[in-house]
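Below you'll find a set of structures to go through.
The two complexes that follow have chain A in common; it is paired with chain B in the first and with chain C in the second.
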Partner chain A sequence: MIFARLAFRSLAARWLTVSLTILAIALSVVLFLGVEKIRNGAKASFADTISGTDLIVGARSGSVQLLLYSVFRIGNATNNVTWESFEDIREMPGVAWAIPLSLGDSHRGYRVLGTTAEYFDRYKFRAGKGLEFTSGVAFDDVFDAVLGADVVASLGYKLDDPIIVSHGIASFTHHEDKPFRVAGILAKTGTPVDRTVIVSLEGIEAIHVDWVGGGRAAGSLTAEQARTLDLSPKAITAAMIGVESKLRIFTLQRAINDYAEEPLLAVLPGVALQELWAVVGVAETALLGVSLMVVATALIGMVAMIFAGLNERRREMAILRSVGAGPGLIMTMLIAEAALIAAAGAAVGVAILYAGLAALQTWLDATYGIYIPPTGLGEREMITLAAAVAAGALAGLAPAARAYFISLSDGMSVKM
Partner chain B sequence: MTEETALALTNLRFTWPGSTGFTLEVDAFTLPKGERTLLLGASGSGKSTLLSLICGISTPSAGSVTVAGTDIARLSRRRRDRFRAENIGIVFQQFNLLPYATALDNALLPLQFAPNRRAKLTDERAEALRLAAALGLDPAQMTSGGAGSLSVGQQQRVAVVRALIGSPELIVADEPTSALDASAQASFVDTLFTHVEAAGASLLMVSHDERLADRFDRTVRLEDIARVKKAAAV
Partner chain C sequence: MSRLNRRALLAGLTLIAAQPYRAYGEDQPPAKTVYWKDLLPETEGEGTFIETLRDLNLIQQGETLPWRKQPPVGMVSDFNERRVRIPGYVVPLTLDGEGVTEGLLVPYVGACIHVPPPPANQIVFLRFEKPTPQDGLWDPVWATGRFNMAAVETDLAEAGYVMTETATEPYTG
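Now for the complex of A and B:
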């Protein structure tokens, strides 16, 4: 078709301005789609942080707060859960398994988690993936510790290295009298587990056995002396619960929330995540708004380019008119040109996006724990792309209308 | 008016749009079929306006413009565009071609709007190349690169191919030689005559150059047939 060829050659003749315009639209599309991808990836990675756990139980506070300190190691618990309560919950009908979590100490900025060895089997992330050891095994001694991948990466520990746990978070008081030994190192997960030092509940109990209130009592015990004592825990921070049947979750949740001996809170991780995401949602919407603005800016740039070119193309329009082209055709050609540029921009943008994702995916996952699955464009993204191209064509109406009137009024007398 | 008239202007009145108040009036002008007429006029004498009216790009406020038996002033704008494509071949002073398109695509352009002209040809490309060769343009010049890279004289000849292809009734040329040097002018006019005659078309050429007059069947001075008024005189 001669007009398609003419339109293409006309664009090719102005390749510099046209390709810069296409690049501007492409980059705006990359920004928009990239924000979408990272947003969804972050959301999914966030939601993937914990899976396979049906309920999280802690002292009564807010559900988001409970989720943050128990799963994300952000913030602190306001209160503890007594060991008796935990045992009661574990015996409740419908509970398949319960894993205690004891938080509150740290090691050089990383949280220390006291739990049972069962944690390594029960903790699941990213749709059921389990924890794996790159070296060593789970703890079987009171003073054994298992390190997350980030802890090892930044502090450089090897198996059997000694580790001194500090009392509290960001503290100068250390449990140097009772050092732990690195018994295992976990593979990278992209979850807060990577930044955690995991020890046994007995270990947590042992380092605090000679403490009274917030300080060390006189006549402290050695590690070997501590081993001989009863190290069964008295309190924990939170617990992960698995149920026998999903149908029992809400019954169990109510039973825990109504527990008479102590004010407790049980939350469904997915629901708490949704609540948390709703808080973050405002920033998310703002980001989306900004990237849409950038797309609009690029389209306005395109319209400005077409407008700027109209004057030097008056001759072209007069020639087309003289051979019989109606002003409608000239208008159509300009709209088609705008749509073509917008479509090319969208296509180049998608190509850049996927090339970028392919290049950065591993790095994003390793560094920020944001896993972006290499899937195609979602329906929402397709609709947005189509809308951008349609908006481009629509924006092309303005210069096209101007061309229409120019071609009517100029007639054959164009002074160059 | 007979079938033998290629162009007839009768009681034509045209007022420039806007408040300028310029008017152009032509009481009567005819161009017999097959004739080659030179219309002499200085610049600013209303030449371009008259050509726009004859080609149906502008519409008169009164009177008729009859081309090959059809009063184009009565046609709708869409039908006038179509009529122009079918019946009139136009050669401008210069910058005749879309510079980014090949010379061949430029030459074939009017056929896109003129199915009747296209129907006369069995092979459009071959016809365009044949005409081009007759005008001294080889096929490589027609098909490779943008028309903008051809010399001015070559571009004018491509414009003639475009005007003649598919044999329209009337060829209108607006100072087609003014961008050429003296020796090129004479050979261009000769070539134009030969091919207009071969196509059986009529030629209306507008120029300010009286030296061309003796080559034409008839020479008409614009001021003899048209009155241009300026409202400012009121």
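Now for the complex of A and C:
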């Protein structure tokens, strides 16, 4: 094993150039592993967002669009669903439960969702976890609001604080004449629910009751006056449906799609998610290809570094030859050097990755809603790392062969 | 390093390579390959119903059957409580971050919209043994597991087929 010790000592003697090469390989490993982790984390975050809902119903648009705006709060609906249609669907045989969703308002960048109190029991995520309250309760009064964890964390609301809702996703038009009251705060879920303000359907009706044609009418009603009116909802944006028998899910979906009174669309969330990934899959493959190229580039840099040093090391090799090292040992030593650099680069890369993950995880979650669990390296990642180290060792074969022939021709003395 | 260390190193590497293989499926009886037509009962009825309605001009081209009036379908009980493998496409019903935990196995995906969805005796409700990542809807798989009629399982009230302890592998022919 003398060649291993020699390789290590030789590298340590040239620590400046060697550490730069290790850094280059480490950064390429961080890029590759980081892309994999973010990709899988994003996929898992999306898949974990909704669970236990069999169908999502909305106005007829596209299945991916419906999933995105109803569950992920990305994008907008094209049309509403009338309350009569919702009630018809709720009465259909085979429907176990139906939760209406009403979107279209916001609060300082966070979306406002109008729904019934049953939402808090039926919405599940991450394989069956339910929503939990850290303080307060679900709504009781028309103007009660429940806040998600991120809304509270960034805007600093407490129970019983007033909260003014604005019209539209981004707007200057606020419903300041009818403030809501914070009635409950939800625990962190890692889903878009954290970035939502949840109110009752009656609350959404109340704030729009004196609006005419997209704008506020003169002589608007106060909150107290609005309470006395009939606030039953006229239209909703989407609905979450649970079925009694999963074997009948296709017939129920077809019945909703064929509903003659209104153009509706019913999607299975799992299927729509798969369609979304198919669209995104092309970008993922491109990103993977880029990160592999970066790893290859870093390894080529390492080979260049070893080649560059060969000429200066001819005396070193002559000395080694003179104390009994054969040319084969010289070659093995150089391959070992390359493998050591690659392995050190991989190790440093993994360390940087986890340090970066620890630092950025909460920021990524708060800003993009992508939760990357701090799990260890998966099997595929370990295999890729091992392949990178093996590739490094293999790449070291070229300068090693060159050194073999140099030391043969130079013999045991070299005139420099 | 002395020669003894080299021997120890080589011995260690050999031990790592000599991991006992995990025997897949050796403790399970071999699964019977079943095709979709085997799940249809011998009596006729399902295929002719839509033609009869069209002949009587009760439905026009492109109109699907009112779903409440779908005829009750016959089920086949030959494969109850047996390990079976069926080729098909998995429609995911319950997904979590790790993969699909429940789904429906269907004989086709993406059929034209003027044909009704598959009847109950051509759908199998799958419960996966462990969450299985699924790459796409369009990849056919062999689904292997314990087959049964849904009436025998407890929480499904309707007639249908169920497969528990399901594992899938890509279909290559």
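FYI, the second predicted complex is superposed on the first by the 356 of 416 C-alpha atoms of A that agree within 3 Å, B and C clash if a C-alpha of one lies under 4 Å from a C-alpha of the other, contacts with A are read in each partner's own complex, and residues count from 1 in each chain.
One rule holds in what follows: contacts are C-beta pairs under 8 Å (C-beta built on N, C-alpha and C of every residue); 3 or more make two chains touch, one makes a residue touch a chain.
Just so it is clear, the structure is predicted and the values come from calculations on it, not from any experiment.
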Could you say whether A:271 touches chain B, chain C, both of them, or neither, answering first, second, both or neither?
second
State whether chain B or chain C is in contact with more residues of chain A in the superposed arrangement.
C
For A:130, using the defined touch cut-off, is the partner it touches chain B, chain C, both, or neither? Pick first, second, both or neither.
neither
Figure out whether A:324 sits in contact with chain B (first) or chain C (second), or with both, or with neither.
first
Return first, second, both or neither, reflecting whether A:109 touches chain B, chain C, both chains, or no partner chain.
neither
For A:6 in the superposed arrangement: first (chain B), second (chain C), both or neither?
first
Which partner does A:168 contact after superposing on A: first (chain B), second (chain C), both, neither?
neither
Which of chain B and chain C A:62 touches, first, second, both or neither:
neither
Following superposition on chain A, which residues of chain A contact chain B and also contact chain C?
2, 5
Which part of chain C faces chain A closely enough to touch in the complex?
1, 5-6, 9, 64, 67-68, 70, 91-98, 100-104, 116-118, 120, 123, 125, 134, 136-137, 150, 156-160
The chain B residues in contact with chain A across the complex are 17, 48-49, 51-52, 55, 57-58, 77-78, 81-82, 84-86, 90, 92, 94-101, 105, 108-110, 112-114, 146, 162, 174
Using the touch definition from the top, list the residues of chain A that touch chain C in their complex.
1-2, 4-5, 43-45, 47-48, 51-52, 54, 93, 126-127, 244-255, 258, 268-271, 273-275, 277-278
Complex contacts: residues of chain A adjacent to chain B
2-3, 5-6, 9-10, 12-13, 315-316, 319-326, 409, 411-413, 416
